[in-house]
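Remarks on the structure that follows.
Chain nomenclature is as follows: A, B and C, assigned in order of appearance, with residue numbering initiated at 1 for each chain independently.
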Amino acid sequence: MKSTAIKTGMFSFFMVVLFLTSLNASEDKIDKKAEPNISTQTQACLACHKIYTPGIVEDWLSSRHSKTTPAEGIKKPVFQRRVSAAEIPVELSEKIVGCYECHSLNPEKHKDNFTHMGYKINVIASPNDCQTCHPAEVKQYSDSKKAHAIKNIMENPVYHTLVSTITGVKKIDNNRITTDKPSDITLNETCLACHGTKIEVKGMKKVMTAKMGEITVPDLTNWPNQGVGRENPDGSLGSCTACHPRHGFSIEVARKPYTCGQCHLEPDVPAFNVYKESKHGNIYASKYYEWDFNAVPWTIGKDVKAPTCATCHNSLLVSPDGSVLAERTHDFGSRLWVRLFGLVYSHPQPKSGNTSIIKNKDGLPLPVTFTGEPASEYLIDKTEQDRRIASMKRVCGGCHSTDWTNGHFEKLANTIKETNDMTLSATLLLVESWEKGIEDKTNPFDEAIEQLWVKQWLFYSNSIRYASAMTGAPDYQAFKLGWWELTNNLKNMRDMIDLKEKISKKR
Amino acid sequence: MKSTAIKTGMFSFFMVVLFLTSLNASEDKIDKKAEPNISTQTQACLACHKIYTPGIVEDWLSSRHSKTTPAEGIKKPVFQRRVSAAEIPVELSEKIVGCYECHSLNPEKHKDNFTHMGYKINVIASPNDCQTCHPAEVKQYSDSKKAHAIKNIMENPVYHTLVSTITGVKKIDNNRITTDKPSDITLNETCLACHGTKIEVKGMKKVMTAKMGEITVPDLTNWPNQGVGRENPDGSLGSCTACHPRHGFSIEVARKPYTCGQCHLEPDVPAFNVYKESKHGNIYASKYYEWDFNAVPWTIGKDVKAPTCATCHNSLLVSPDGSVLAERTHDFGSRLWVRLFGLVYSHPQPKSGNTSIIKNKDGLPLPVTFTGEPASEYLIDKTEQDRRIASMKRVCGGCHSTDWTNGHFEKLANTIKETNDMTLSATLLLVESWEKGIEDKTNPFDEAIEQLWVKQWLFYSNSIRYASAMTGAPDYQAFKLGWWELTNNLKNMRDMIDLKEKISKKR
Amino acid sequence: MKSTAIKTGMFSFFMVVLFLTSLNASEDKIDKKAEPNISTQTQACLACHKIYTPGIVEDWLSSRHSKTTPAEGIKKPVFQRRVSAAEIPVELSEKIVGCYECHSLNPEKHKDNFTHMGYKINVIASPNDCQTCHPAEVKQYSDSKKAHAIKNIMENPVYHTLVSTITGVKKIDNNRITTDKPSDITLNETCLACHGTKIEVKGMKKVMTAKMGEITVPDLTNWPNQGVGRENPDGSLGSCTACHPRHGFSIEVARKPYTCGQCHLEPDVPAFNVYKESKHGNIYASKYYEWDFNAVPWTIGKDVKAPTCATCHNSLLVSPDGSVLAERTHDFGSRLWVRLFGLVYSHPQPKSGNTSIIKNKDGLPLPVTFTGEPASEYLIDKTEQDRRIASMKRVCGGCHSTDWTNGHFEKLANTIKETNDMTLSATLLLVESWEKGIEDKTNPFDEAIEQLWVKQWLFYSNSIRYASAMTGAPDYQAFKLGWWELTNNLKNMRDMIDLKEKISKKR
């Protein structure tokens, strides 16, 4: 393409001028330490991007990637290693991990690969690229529910119906409410902002930039998006930047609770909200500034004195004496025996990260029937549950006595049972409304009593369980999205059934 | 007044004793550096107030005002200047900016000027006083919606009706609900706490103090208040302390998101809430402690790596190479092309900060008609919108590619359209209820279906837009005050109309 | 018990091996400073617990207890003392405050005392134990509402009915909702998580530990729990760890707002929520990192520039010149004249921390009648109210002028009056529904109109008052749980009464 050629020519000139300027501008950072190990391609990237997108260049300059070569990383003692590869391709090994090192990998797989200023660049660096150095993490992640987060919601007809019912634009047609199919953009901003979108390359397009004039870039669908199950143009699943944002690749950010708090939120899955109200959250908020969120391994009592999300769910955690309390994992469900998030009841964790394969006895793609019977063949068994409970208790045991910890888990088990009971009660009222013809079960999510039923399990039962699991947030459990709401809601369902029944009888 | 004279006499004695004591008490702070430049009047203020209100004296001692003279401030390179005046009155120029320097300005304009311990003091330092050194900021602010925030709500009959409907005390009279006129105090604590009150001087009054006995001070109406549009006793509009609190005059505090978060909050304008759940908010919360919130200019990537409210909306923002990404402004709408806050639909920004002058085609003082047609002559045109979009995109471009940024703005445009559609659907149902005589349109805010309609635009549509604009908070958009609520609410409006209709037909 | 004897034997062997190891492992901390003063018993505790629960050992190592002997603490100047005892038992005086020093006290009172590895240990260290060194704090606390928090809710028939109505599991029996008695566990996770549980010793039980095999420990009821009114196995009331968590015994944590924020939360008592939205909360969040939360006494303007909860409610607060603004108290209501929390109206503070003794004119155990008349003989009188208002104003006076402070308190008084009026209006509607037989007053909390009435006082009126008291959170007062909800709720109560009445008339 002609304009590209011109740009490339312009680039050669630019590069000489700008690179010299830029080296000068922050010579203390790039030159002194990194220069000998920085690839010429990355130097070219930096020369322009220091001017065009300086924020991400500075972010990268603050990262470990800009200061360490894979060869250095791989030599560290095993518990201190952040690089899990047994060996690193020789052409990458001795250079710091710069723009080009990541954005040029596996070009044959990347439909988003394009010629940019004379270089072949992928727009999106994917988990498949990251696994060049971090294969263990990518493998763990690939088996998790997170990696399958798109199909788990969009290829499950029940959940898909819920999504469409909520996010489609409603019009008024002759006094009646009609629902459009949700737009791709609104899906990208709501459910799929967390779950991830499918990024495809529609072709190339011209973009007018503020500083470089017109450039030609791949035309991506559903972009930007950084959902955990994003389907990338190279076919891989996931988005590492969801938790290690942009070009700092920070373990600190991922370990702080705000990262998980972008998606695990009130009202459906208020993990972050109840954490903040818990004793652990209180100690974190009061004392975090004294802790070390960058240490690998992470030493309980020294680096971190009260858990954040990552402490319990995925970090490599050791005692001050060096013994391992928990191995690192990027399958975030792997220490969990029960799935608190009720669909529509809380149930044992699924065996596979791909939950769209589940069928319950009623033939529905749900892990539990409407009356609470689990689809056991798709869920982990008692032995595996016990193994995982024991692994989680080892984390608790870093600070708490066995009896205390046992008492905590007994409370959680009771909470699960009672909130499941409260969900069952709501389901029985819903069924009554269907059987009496008061509401129509075709779509179980679009009428008033149905909406109350959804709140019972999706908001209230779930909220109470998360609060219970985090040993805190009593006001959440009592009033805010808790027992008060569970109780009121049942009464409101009962009243609404009675009212609609009476009105219809009088017709 | 006799007692004042006595006090003044007492003061002379006090001053000698206390001033010596006080200088001694914190000599390290006042003496060493500041003493040569501190006015004798301010020394007198400090001598007493160190004892009577030590907290604000310490606050001031931590401020730049206590350490710098205007003459020093005015000499700085242009991008580092915090003083925008071309020249400073000579009597102020060489003294640090102390109590008396601010609280004695323009006494002829200040109805709140009074004799206090022998000095003529204004109770309230106003924007008109601040502009002695900061005229550019005050001018920008004076043209903004914030400066006109009182009349924008109280002199608009529609909004005023909403205010009165909500905040008036309701009594039960013969089983019916009656609504009193809202009290001035409750207005001051609710709407006008943010919008600002009108401060007038009723006269003088005696106040019994804990340490000084009885003193005589101006008797102010609607005081205390620090709302952004406060009408001051000198006739000026605004309250700088709303964002630069009390006597620290901190740029750091103003740039941190908690300041904006005092007013821009759930459920009507949840900017702060969605920011906290966004990627930007996550990075801020995780890494802010490494950034410099006092630097002028503010360098992206160095001083600040993810935006706070001020980054996008008003700070002077530069690249590490010194090029300007955005000029400083204290007209907080000046980088905005669209007003997300729907009244009752989202619409282009108004031309004037005074929105009480707007009239739409229906003759109502609203920027949009009930069916969504904008009152275009009062709103900025396409050219101005494009200019402002470009200015905002330059800020985004500090870190993001042009294509990414364009994708973000496309998402926002779609969100505005779809949430406007969802508001229109609610409006059509409301109109149906009015036409059928189910509810009465005289006051459009005081009946049950009307209240649901208000929620549709004021809470739910607005919330989704703010979340979309900040490229985050997907759970907010999906469930919490988002699409789930928009959808349920329409169904509830529909059911309520049907129910009330059926009941009334059976009479 | 035989197995205990065996364990004790094992322990002797373990101790020699482990203690030597452990000393080596963190010799820098224990040895250098603390060793000479550390008791042999505590050394034995640490030897094992460094391995079994390292987190709490590290927490203790960071505490003042691990570094100071009571003899040193008692010698400090009076305002700097954290130890209020006039003298300390000689056997404790010269040793740092380690595991054994606290967990072995008053064994004759502790039903939870047991032989653990050869030592007689109490599972729970109680306020009665803490008062060995901190008698003034325990005495103040013992007189407070917090110490009586269990009986204040569970022995008051009205509140107990509310608790049972909310937290009991509901079943559907023949289409009707039935309510079970709440389980002890759910009470422990909801109301009693904050209020406290009654901990009793049922006997001994065997517990299988991960690292030590089976051990025998007391079998405690309702454990774990750290509620403020916890009834301990030694008969004492309270849980110091509720605010000074676990083994850091931190004054910093207790002074930061997150601690109070574990229980004083949205929607019934949103003190923490409104604080965060207030000007004080904004300044705290922006600048806390520069303040000293460990200083005793706490100097306004130097150590702390904007109040946290503890500043106004209980810390020893001084001016930079050393004069006392407020004495330390651990009776958290002692600076309060009014009880904002309406039951069902806001009223003067009760005289006794035990509120279960109150009877109003209607014979109900409530501080106010249903129509708003206070049970004055149980409440503090005007003189005492004025004394407390003056004490709180002295705190405000650390930064604010007398006139400003007076203006603030006038606003609060008006808010209390108007929210009480709005509660009365809801009560009148409730009474109408009872008198018309629409709902049944037997249980005033379990039907739909009753539930709306509860929201009026428990959520909305209370929220507005907390926001007003903290001079902020205007959006809270206006929309979120504020006047908008108060107003809508009355309308909804009115509509529901009318609707139910019409429906029943048509039967």
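To be clear about the criterion, a residue touches a chain if its C-beta (ideal position, glycine included) is under 8 Å from a C-beta of that chain, and two chains touch if they have at least 3 such contacts.
Predicted, not measured: the structure shown is a model, and the values here were computed from it.
Visitor: Can you check whether chain A and chain C touch via the same residue numbers (shared by over half) or via different ones?
Guide: different
Visitor: Could you say what rotation angle superposes chain B on its sequence twin chain C, using C-alpha positions and rounding to the nearest 5°?
Guide: When the C-alpha atoms are superposed, chain B turns by 120 degrees onto chain C.
Visitor: So how far apart, in whole Å, are chain A and chain C when each is placed at the average of its C-alpha atoms?
Guide: Each chain's C-alpha centroid was found; their separation is 35 Å.
Visitor: For chain C, jot down the residues that touch at least 2 other chains.
Guide: 289, 499, 503, 506
Visitor: Flag every residue of chain C that touches chain B in the complex, lowest number first.
Guide: 276-279, 281-283, 285-287, 289, 300-302, 305, 319-321, 390, 393-394, 397-404, 406-408, 410-411, 414-415, 418, 421-422, 424-425, 428-429, 432, 467-468, 471-472, 474-480, 482-484, 486-488, 490-492, 494-495, 499, 502-503, 506
Visitor: Would you mind writing out the residues of chain A in touch with chain B in their complex?
Guide: Listed in rising order, the residues are 21-22, 25-26, 50-59, 62, 165-167, 169-172, 175-177, 183, 185-186, 188-191, 193-194, 207-211, 215, 217, 220, 223-224, 226, 245-246, 248, 250, 252-253, 256, 258-259, 261-263, 265-269, 289, 446-448, 451, 459, 499, 503, 506-507.
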